[in-house]
Amino acid sequence: MRLHVVNPNTTVAMTAKIAAAARAVALAGTVVDARQPEMGPVSIEGFYDEAFIGEAGFHIASLVAARFAVVTTLGVSIVPIEHNLRKYGLAERCARVRAAEVPVLALEERNADALAKISAEITAAIRDDRAEAIVLGCAGMADLAAELAATHGLPVVDGVAAAVTLAESLLRLGLKTSRLGPYAAPRPKTYDGLLSGFRP
Amino acid sequence: MRLHVVNPNTTVAMTAKIAAAARAVALAGTVVDARQPEMGPVSIEGFYDEAFIGEAGFHIASLVAARFAVVTTLGVSIVPIEHNLRKYGLAERCARVRAAEVPVLALEERNADALAKISAEITAAIRDDRAEAIVLGCAGMADLAAELAATHGLPVVDGVAAAVTLAESLLRLGLKTSRLGPYAAPRPKTYDGLLSGFRP
Amino acid sequence: MRLHVVNPNTTVAMTAKIAAAARAVALAGTVVDARQPEMGPVSIEGFYDEAFIGEAGFHIASLVAARFAVVTTLGVSIVPIEHNLRKYGLAERCARVRAAEVPVLALEERNADALAKISAEITAAIRDDRAEAIVLGCAGMADLAAELAATHGLPVVDGVAAAVTLAESLLRLGLKTSRLGPYAAPRPKTYDGLLSGFRP
Amino acid sequence: MRLHVVNPNTTVAMTAKIAAAARAVALAGTVVDARQPEMGPVSIEGFYDEAFIGEAGFHIASLVAARFAVVTTLGVSIVPIEHNLRKYGLAERCARVRAAEVPVLALEERNADALAKISAEITAAIRDDRAEAIVLGCAGMADLAAELAATHGLPVVDGVAAAVTLAESLLRLGLKTSRLGPYAAPRPKTYDGLLSGFRP
Amino acid sequence: MRLHVVNPNTTVAMTAKIAAAARAVALAGTVVDARQPEMGPVSIEGFYDEAFIGEAGFHIASLVAARFAVVTTLGVSIVPIEHNLRKYGLAERCARVRAAEVPVLALEERNADALAKISAEITAAIRDDRAEAIVLGCAGMADLAAELAATHGLPVVDGVAAAVTLAESLLRLGLKTSRLGPYAAPRPKTYDGLLSGFRP
Amino acid sequence: MRLHVVNPNTTVAMTAKIAAAARAVALAGTVVDARQPEMGPVSIEGFYDEAFIGEAGFHIASLVAARFAVVTTLGVSIVPIEHNLRKYGLAERCARVRAAEVPVLALEERNADALAKISAEITAAIRDDRAEAIVLGCAGMADLAAELAATHGLPVVDGVAAAVTLAESLLRLGLKTSRLGPYAAPRPKTYDGLLSGFRP
């Protein structure tokens, strides 16, 4: 199996971290191919999060906890993540989306201050939101999952690793995205051809 | 007031139709500026609809009906429109999203077959979904709203015209998109500057 | 266009304030006609709020914020306003309904204490409910909207002004309340005529 | 226990039918006092239904069925009943609200045509909506409940009788409507007294 | 009427308390038969709560309050009770499920410390959750309902007593659990008979 | 990894089929251990389904389709499966739960009639419910998934195989069921010990 993981920003160090998280959990036969665009912003926050790889983490968290919380980087990402949770139909399982107010780039290398802020949000999620598991809302946090899980004594889900195992699961189950709904093959758009079927 | 209306596809005739629909309802002092990208697909259907100007039509329909239906062009657009309704929190007001299976480009000029298919979906929406109003799910249908309303005896909302009156309403009420949530001004992304606040 | 605004209580000063709020935002050609009943309570709170003009403010707030809060006068009005939000299908957009514990009549003229209490609730709504906009839940607060918006740096929506612009929008769009659902024209109630169609 | 049952229309025969339904199920010590206004419409349909005694029937139906349907008189009553179901938080239990298109007054005395129309809706509710129980949406149908239950082989709930047993249950449990929420005792409305607490 | 009340644990004193609560509210003609298993755990908390008699209390609380809170024994019971509220379709009426962290057995006899903890949760539910009524989430609290209601000035519902009055109500209304849905009579399971209808 | 799969009924052939479905998808290092009780019913339908292994199939279907339908054996299982979908917070993703009216035991060996009935429900789910994928609601259908997927051209998910890949995914991700919520370790129940902490 060949998995293409696309880091939507242009920061090379971030792509390397995501690739490492993916490879750490991938099966022996899976090749992880991590890429990034050549041009574009060095980091992505806010509404761009709505297109991000978050669904896998929410499903995995739902399997190990009745209620989970999401801890993301900045406050601008809260509403887009809530939109995704509602779109995926998983909003009821999420106790709250919290922002550590740590920018994506601050996560590029180990950073005690960023770690402390994320940890404080997890503490609050357990105490105030009755969260039983945490989904990390940013791929840049992937390398912190195990440490945070040990510190707080609850499952901490990294979306990149979760996505790898679910993609492999779909392959092993012989399942592909359905072609009956929004991912139906597009119709040809040659103007003449299209209208021929509609002329009265 | 100056309103910028962006037609996301590259078909010039479509841009002209959208501009005409916007100008027909705009107040005397409003200048409507309709544009389109120079490169890109000649029409847009499916998940691109999730970024489209639909919210205005849903709010206006909610003011004149307890339950409305959306009639869009192709089946691939149904799920993205449902996602938007859920995202806007208006899904409960929508009885059903229906597709007339008429491609966007077929709507470029008056087309009896396309009109008949759209009309048939409105008939079904009234009879089977108990819809009391219709929102047209594609800007290319803008010039059909009045005729369909007269034929079926219920309010038919064109999203372009609805968006113009709501934008003007916000201006007159002195309201702008809130800067407290997902539209907060972005933080500067210079790497050094960012991290300085995070070094322990 | 002629707009009839009905103040449901009998306090003349309140009717004047509502009329002023409506006229401040109305288009040049709109005549605002504000009235009140001759007999009845001097102010109205609690379940009477369920019949009140609140829907307009909720829709306008939804256009400028992902989450809004409502600040109303007394605690007895919270549940009726929540019922309306659920009825309109907009409950998901409302972070919380808050009461300033300021009776309607205290708002009749400028009142520093009432203003401070309303302001404190807005502060709490931003901090604790993550509200990005405020809807004022009582027509008597109409003259405070601009001042509160400036103080707190977020959109503050007065329902009376919102309703005026939406009513004008519907007129310009050529839309009226649908006659297909709950507002269908009533059947004649002459007893004999009615039953004639039912005798076996 | 003394129960006041108010028939909101002015038709004396309807009041007598409601009183009979209430007395048939009341406990030995309960006195049922049925009244009607002296002036007003001879029957009530549509949005007036939102103030009607329906909640009891929905709760009782929830106890005997996972999904129930409501069968009411006219189509104008469907949306108001749906609003009530949403307000009471019981909308998920209701498969569908159906109208037999039988006006309230046609139910004043036994009427084979009205009975057939109501019965046809129950048949459709079982077949198409997977309803396991029926709530009759109009007090005028009270005397038909037992016959319809026998015909269709499922529980048929009359709201008047349901309300009597629930009111008696509350009395026996020593419970009254809470005074902490929307039914808090109203504040005195003397203008001077009110403002005294608000002067700075 | 003969009511069988089953205490799912093996503690005799608890069965006696439940029987007393049931008999205190039962009608003159009702015989209450309380039983317990001979073998099994001395108390039951957590997911076993999902099979417990809670629905009656939620319906009764909905009749006297717009929002109620549930106060149960231990934190492990919160999620199962939330599951039940969602299953019954009454989750919207429940402001919050709270645990007093008092084990079931501590309630076997009057216990000032347990009472204080339950009382503290009720205080918090009124202040923080805007609860207008309380449902006691454990049959072992049945004898505390009246005292807690008097202390806090709001309705406090004991599920055992509520279930007795609702069961009697159903009997008087002539209603039984519907046989059309999940409680349909089981098909015979003799292997041969079953397959005979399926052989091609 | 060692996976214990428990067939809740006593039919040996069914256990063998479930084990085969599990082993067909399991990773090389996974040992599948399938068991059944020695005493009990030969098949299980209806409310027992609420305790059944269904969540895995719903999550997997959500990854390949915006809307899925469930096809189960008998009508008595529809409501319990709907309860589970609501409990898991995935009800919005499920278009409809359908019953083929095929008893579990009829699925023990290949059976053309049962297959035709299941296939007819899938046809109806695509046409009437706009389902894009199917979850098989009974472990006895496991061997039919590939054939039904090929016939209908959409993903068909067998819950047993889905559960195996998800369990393996959790293991590889280092995640276990959270101990913070309903699965917290039970408190010791020695009567004296318990009460000692509560005596005043």
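Read from first to last, the chains carry the letters A, B, C, D, E and F; within each, the first residue is number 1.
Rule of thumb we're sticking to: a residue touches a chain if its C-beta (ideal position, glycine included) is under 8 Å from a C-beta of that chain, and two chains touch if they have at least 3 such contacts.
Note that the structure is predicted; figures quoted are calculated from it, not measured.
Trainee: Spell out the chains that contact chain B while also contacting chain E.
Mentor: A, C, D, F
Trainee: If you list every residue number at the chain A and chain F contact, are more than half found on both copies (same) or fewer than half (different)?
Mentor: same
Trainee: From the C-alpha centre of chain A to that of chain E, how far is it in Å?
Mentor: Inter-chain centre distance comes to 40 Å.
Trainee: From the C-alpha centre of chain B to that of chain C, how far is it in Å?
Mentor: The mean C-alpha positions of chain B and chain C differ by 26 Å.
Trainee: Could you list the positions in chain A whose residues touch two or more of the other chains?
Mentor: Where chain A meets two or more other chains at a single residue, that happens at 66-67, 78-79, 86, 92, 130, 181-182.
Trainee: Taking all chains into account, which pairs touch?
Mentor: Touching chain pairs, listed by label, come out as A-B, A-C, A-E, A-F, B-C, B-D, B-F, C-D, C-E, D-E, D-F, E-F.
Trainee: What part of chain D is in contact with chain C in the complex they form?
Mentor: Checking each residue of chain D against chain C gives 41-43, 45-47, 74-80, 83, 86-87, 102-103, 105-106, 111-114, 181-184, 186-187, 189, 191, 194-195, 198-200.
Trainee: If you look only at chain F, which of its residues touch chain A in the complex?
Mentor: Counting only chain F, the residues touching chain A are 25, 27, 55-56, 59-60, 62-67, 88-93, 126, 130-133, 146, 149, 153-155, 157, 161-162, 165-166, 168-170, 172-182.
Trainee: Where on chain C is chain E touching in the complex?
Mentor: Touching chain E: residues 78-79, 82, 86 of chain C.
Trainee: Using the touch definition from the top, list the residues of chain E that touch chain C in their complex.
Mentor: 66-67, 92, 130
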